[in-house]
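Heads up, the thing below is written out as structure tokens.
Order of writing sets the labels: A, B, C and D. Residues in every chain begin at 1.
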Amino acid sequence: MPVRVQEADFDVSAELAALRQGDARIGALATFVGVVRDMNDGSGVSEMTLEHYPGMTEKALEAIVIEAKGRWNIFDALVIHRVGRLLPTEQIVFVAVSGAHRGETFAACEFIMDYLKTRAPFWKREVTAEGARWVDARETDDTAAKRWQG
Amino acid sequence: MPVRVQEADFDVSAELAALRQGDARIGALATFVGVVRDMNDGSGVSEMTLEHYPGMTEKALEAIVIEAKGRWNIFDALVIHRVGRLLPTEQIVFVAVSGAHRGETFAACEFIMDYLKTRAPFWKREVTAEGARWVDARETDDTAAKRWQG
Amino acid sequence: MLKILYFASLRETLGRGAESLELPGGVSDVSGLLQLLTARGGEWGQLATVKNLRYAVNQEMAQLDSPLRAGDEVAFFPPVTGG
Amino acid sequence: MLKILYFASLRETLGRGAESLELPGGVSDVSGLLQLLTARGGEWGQLATVKNLRYAVNQEMAQLDSPLRAGDEVAFFPPVTGG
């Protein structure tokens, strides 16, 4: 399964080993880890809760991975996204892409993150000194996703 | 030290933890791992030896990291490059970039790899069924590096 | 029957995460369902005013004119913010 | 004295990785040193014919007209292929 939604943390080295499965055709692994920051939109963040739409989330992530595989000559991709309560410095999301050459793995990895940010049904609720708030979608994320179109 | 040249293997998770140092401003970690493939230019590769220019290599890598920090709003970067004898599926190189937002970490990570490929004095010697051979520089690497200029 | 789901800030405002509803005769698409729900008044008016409301039908992103049939799963939610 | 280094395929062809050389009077840049070395004949002719020969002076990439002074470390090598 190239896609996992889970409360548990993940270990990057172990996930990379599982993705590679000893495949000696692989020359390049591009990865991304998203992390909880202690600051967002000018307010200190003490914790965060991630809500998702079970079922649709996995479908949306799988569709993104399939689209990436269609666009670039890559071997495989893995997406792990955590849900539930998370504290600053905790890992939120992991994307890893394997391929023969680096250029295609970089592009596919960034594409998957950009599409995940705009197409996968996750919602962040932050706790700040001023209280709890739902995080607003960023226009920059829409702009990043639109780069890959047309 | 953001730059290391070593014979020993590295653990991606441990290196990421060391790079992060618990800094809660970090929201994004883009990384790249280069791996020995068992095939190159149509020939099976059974092993590889990496030669480097001690002293200049570290300076060249440090200069690349400094240039990346000047171009993008990132917090830190780490480059590890192995030398000596390596077998297929072994890790060769690791680049990791930390920042607040993903777009700048992706760009800086790819930039560092592209410049490393054309500016850091490493040379690969492959052992194939037809004998040992020095790997030729790729034109695609020059093209990739030139993207970042002017 | 339709299964209707609400997520995130919308779930909180409406005070529920899910409901089941007999598909009324005049309703044939997402737009019709939205009008029906909005007409409940009170906090339901927010469905008409919330910025960038998103809809999914059977777990696929949908449009206002996406058709609805008995048995469909319809979801309403704000723009996504994961990753 | 100049310290001269050779790497990779060049080191193998020339049969040495390093040498020390008194900087001759007429040599003031990388180009002059290359001519001097090439004039040794035999395998040294390769320094004139190798494709995309690279040079570094004191561990910085250099050009044919980069100046040389006594005490400099000069390196010759093929295009790099790490990563």
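Operating definition for what follows: a residue touches a chain if its C-beta (ideal position, glycine included) is under 8 Å from a C-beta of that chain, and two chains touch if they have at least 3 such contacts.
In this text the structure is predicted, and so the values were computed from the model without any measurement.
S.K.: Could you leave subunit B out and let me know how the rest splits into touching groups, if at all?
M.R.: Components, subunit B removed in thought: A, C | D.
S.K.: Hey, which chain ends up farthest from subunit A, C-alpha centres compared?
M.R.: Computed centres place D farthest from subunit A.
S.K.: Counting in whole Å, what is the centre-to-centre distance of subunit A and subunit C, each centre being its mean C-alpha position?
M.R.: 26
S.K.: Could you please state the distance in Å, as a whole number, between where the Cα atoms of subunit B are centred and where those of subunit C are centred?
M.R.: One centre to the other, that is 48 Å.
S.K.: How many angstrom lie between the centres of subunit A and subunit B, each centre taken as the mean Cα position?
M.R.: The mean C-alpha positions of subunit A and subunit B differ by 23 Å.
S.K.: Could you check subunit B for residues that touch two or more other chains and list them?
M.R.: 34, 102, 113
S.K.: Note the residues in subunit C that touch 2 or more other chains, in rising order.
M.R.: Expected reply: 83.
S.K.: Touching pairs of chains, which are they?
M.R.: Inter-chain contacts occur between A-B, A-C, B-D.
S.K.: Could you list, by residue number, the parts of subunit B that touch subunit A in their complex?
M.R.: The contact residues of subunit B facing subunit A are 11-14, 16, 20, 22-39, 88-89, 100-103, 105-106, 109-110, 113, 140, 144.
S.K.: Please output the residues of subunit A touching subunit C within their complex, sorted ascending.
M.R.: So the residues of subunit A in touch with subunit C come to 34, 50-53, 55-56, 59, 81, 92-93, 113, 116-125, 134-138.
S.K.: In their complex, what parts of subunit D are in touch with subunit B?
M.R.: 5, 7-9, 11, 52, 56, 59-61, 75, 77-83
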